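Multiple structures follow.
Look for chain A in each of the two complexes below; its partner is chain B in the first and chain C in the second.
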Partner chain A sequence: MIRVILIRELRLAARGASGTGLSLAFMALFILLCGIALGGSTPALGPGLLWLAATLSALLGLDRFYQTDQQTGALAQMHLAGTTGLSIVIAKCISFALTTLLPLILVSPFLALLIEMTGTAITGTVLSLLIGAPAMVAYASVTAALLAGQRSGGVLAVILTAPLLIPVLIFGTEAANAFATDGLGAVQFRMLAGLSFIAVALGLPTSVAALAANRGPS
Partner chain B sequence: MDVRHNIRLLIDQLSLSRGDRTLIHGLSLCVEPGQALWLTGPNGIGKTTLLLACAALLSPDEGDIRWTSEDRNIPANQALAYAAHRGPERSELRLGEELSFWQTLLNDDMSLNDRLTSVGLQDRDDTPVAGLSAGQIRRLSLARLMASNRAAWLMDEPLSGLDVDGRALVTETLSQHLARGGLAIIASHQPVPIIGVTAKKLVLEPAISGAAS
Partner chain C sequence: MITRFANPQRFVGLARWLTPIFGWSALLILALGLWQALFASPAEAEHGQTVRIMYVHVPAAWSAMAAYSSIALASLISFVWRHPIADLAARSLAIPGAAFTVLALITGSLWGKPDWGTYWQWDGRMTSVLILLFIYIGYMAIWQVVEDRKRASRLAAITAMIGWVNIPIIKFSVEWWNTLHQPATISMPDSPGLAPQLLLPLALMALGYTLLLGWLTMRGMLAEIASARAARKPAPAATARVEAL
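Right, the complex of A and B next:
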């Protein structure tokens, strides 16, 4: 079941339904503007800026996570077809990770050059983004599921997700900075991985419950 | 055909509301295998709300709705298939992609082409869903019902937008479904002709219980 839903999601994303292009453009613009506004001080701020840019850009596409399928009734029909809520949530999360988050992480090394980051800092940041990605996906899924029944939850979704992501942001940037001295074994990386595990463990069942509560007509 | 037989619908002292408006109050009825229930009444009277409640997508204020088979309760998502007024199609997909997705979820054993042919949409599998007419969307939704192999069909305005052939197709499909021991609940402004069975008619009236005749 997960595979079938995932294939449909990827197909929809390929036809532009997930707004990947918009998120990428937003991230590039954000970093470009930071480079202009902050001038020569950007290399030191680099990891933080990339983390912020990736988080905000990923949240941009949040209202498409479950909302469209909720409004057309597709989520209700999948439930009636006997698909479990967990399969739907897992498929949607994998799709969000692959079509929204992964492209953002993949372009981040190139954007990092705009703000003159060093090679080690770039590697550290990309690794920390990859390790923190599951947490971002899980929390994004929770708020998207909570707001699935709303007509326009875009900004509200960002406001709700941001507080959940604060610990991830703290340890994400710390891990990126610690990479230069301690490498992947830095304690911050382990903390970040732990945060990701907690987020997935809490986020999946919470999303399933939120979708079930939103199952009726919006 | 693997339609699960002998599923009946029992509604007991049901009250339903949307927002703060009570639409249905104290409704009790029973639909047996092989029977069809025709819901009718003016716009906004609660036909769709009743269908949603039967599909367990909306919880009742009072009373209960049960799908049973030999005195065992069957969960709604194993008992029924629901053809809503607006379908779950995504305009970005092609007809073939859309239907085969639901066929896979519903474990339909018929091939995509045969399924499309059975509702008169053959050679259309490459058409984008966005380019389908209202009648073709209805046919797609009928195909989903047939693919479901469920004993109970909930249909919301199954005839809207359909041409003469399409109406005949609904009559034929529905009659076969009932003859196999399935049941159907149809919300429609116009009667849906069925061969061999007379549908129970339930006229919903404002704020009071409807009476089955």
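Right, the complex of A and C next:
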């Protein structure tokens, strides 16, 4: 069942319904604005800026996580078809990672060139983003599930997710900076991986509970 | 205990006489504590007169954290047992808790300026209290935006619980990040090592704040019950029964 939902999501994304383009445009715009506001090339701030850009761009696309399917009744149909809540959440998380977060991470090396980051810094940042991605997806899923019944929850989504993402942001940027000296074995990378595991363990059941609360007769 | 007070009527009966006790004793003890803190107690050797900010600041920070812990506990009870009173308690604790958080942040900054020479320091404790404020805001926002009352209570309980689990992680990461960026330059005067003359007003203020928190929460819960009753359209027979009670 996970595979079926996943194929559906990827097909929707291929037809342009997932808004990946908008998120990518926002991320590029964010880096452009940072470059201008901070006075041109700012290689030292690079990892932090890329992390911020990726996080905020991913959070902007949050209303397509569950909200659309909740409103069209697709989630209710999946539930009626006997899919467990956990399968829905896992499938949705994988598709969010593939269609929204992964493209953002993949363009980040090119955006890094705009702020004149060095090769090692770029590699470190991309690796830290990849390792932190599960945490971002899991917490995004929690917030999206909480707000699934809302027509618009853009700003609230950011307010709810940001405190949960602060540890990930801290260790993500630290890991990106530590990559130049310690490589992948840096303690920050291990912490980041640990945070990702915690986030997945917490986020999946919480999302299931929140979706159930949004589905049930009140 | 948990099931006994699941009945709002029984809870209202208890709250009717508990609320004034909380209110008046909070007023009395806060007045006594403030007099002790601002006039009767001596200035501290190292911090001088600025130590008086502590009596307002430290209990505010304690109450803010106590309020959030209570919200998380009440949310758990409400989520697991669908306990209506726990639900009201969690909701009513949020605004006083957030207010205490703001008070702790403001007085902390005001204290920081004379003592450390800066209003804000990215110190682990200060940063995590600021993050706590945003967790409070998110929690209250869920109650605001979700229209359906029961759904809102489930979703808010989930928000409170996941926030609670994350607080230690956030605190740890912020402290780790802070020590990495700047060597520790600050040490707060540790409260247990305080002289008895300073400890007495602090203890009074802490007790007063706790009672105040209790009073505000009870008032909030009674108001919630009253507005829920007003919203409900009672059948004639039911009205007669409520009046008889």
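Following the convention adopted for this analysis, the second predicted complex is superposed on the first by the 213 of 218 C-alpha atoms of A that agree within 3 Å, B and C clash if a C-alpha of one lies under 4 Å from a C-alpha of the other, contacts with A are read in each partner's own complex, and residues count from 1 in each chain.
What we mean here is this: contacts are C-beta pairs under 8 Å (C-beta built on N, C-alpha and C of every residue); 3 or more make two chains touch, one makes a residue touch a chain.
As the structure is a prediction and not an experimental result, all values here were calculated from the model.
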| item | value |
| --- | --- |
| Partner chain in contact with A:202 - chain B first, chain C second, else both or neither | second |
| Partner chain in contact with A:81 - chain B first, chain C second, else both or neither | first |
| Chain B versus chain C as contact partner of A:8, first or second or both or neither | first |
| Chain B versus chain C as contact partner of A:213, first or second or both or neither | second |
| Contacts on chain A seen with chain B and repeated with chain C across the two complexes | 216 |
| Interfacial residue positions of chain A with respect to chain C in the complex | 142, 146-147, 149-150, 153, 156, 159-160, 162-164, 166-167, 170-171, 174, 195, 198, 202, 206, 209-210, 213-214, 216, 218 |
| Contact footprint of chain A on chain B as seen in their complex | 52, 55, 57-59, 76-78, 80-82, 84, 86-90, 92-93, 97, 101-102, 104-106, 144, 148 |
| Chain C to chain A touching residues, read off their complex | 131, 134-135, 137-138, 141-142, 145-146, 148-151, 154-155, 158-159, 161-163, 165-166, 169-170, 172-174, 176-177, 180 |
| In the complex with chain B, residue positions of chain A that touch it | 1, 4, 8, 11-12, 15-17, 68-69, 72-74, 76-83, 215-217 |
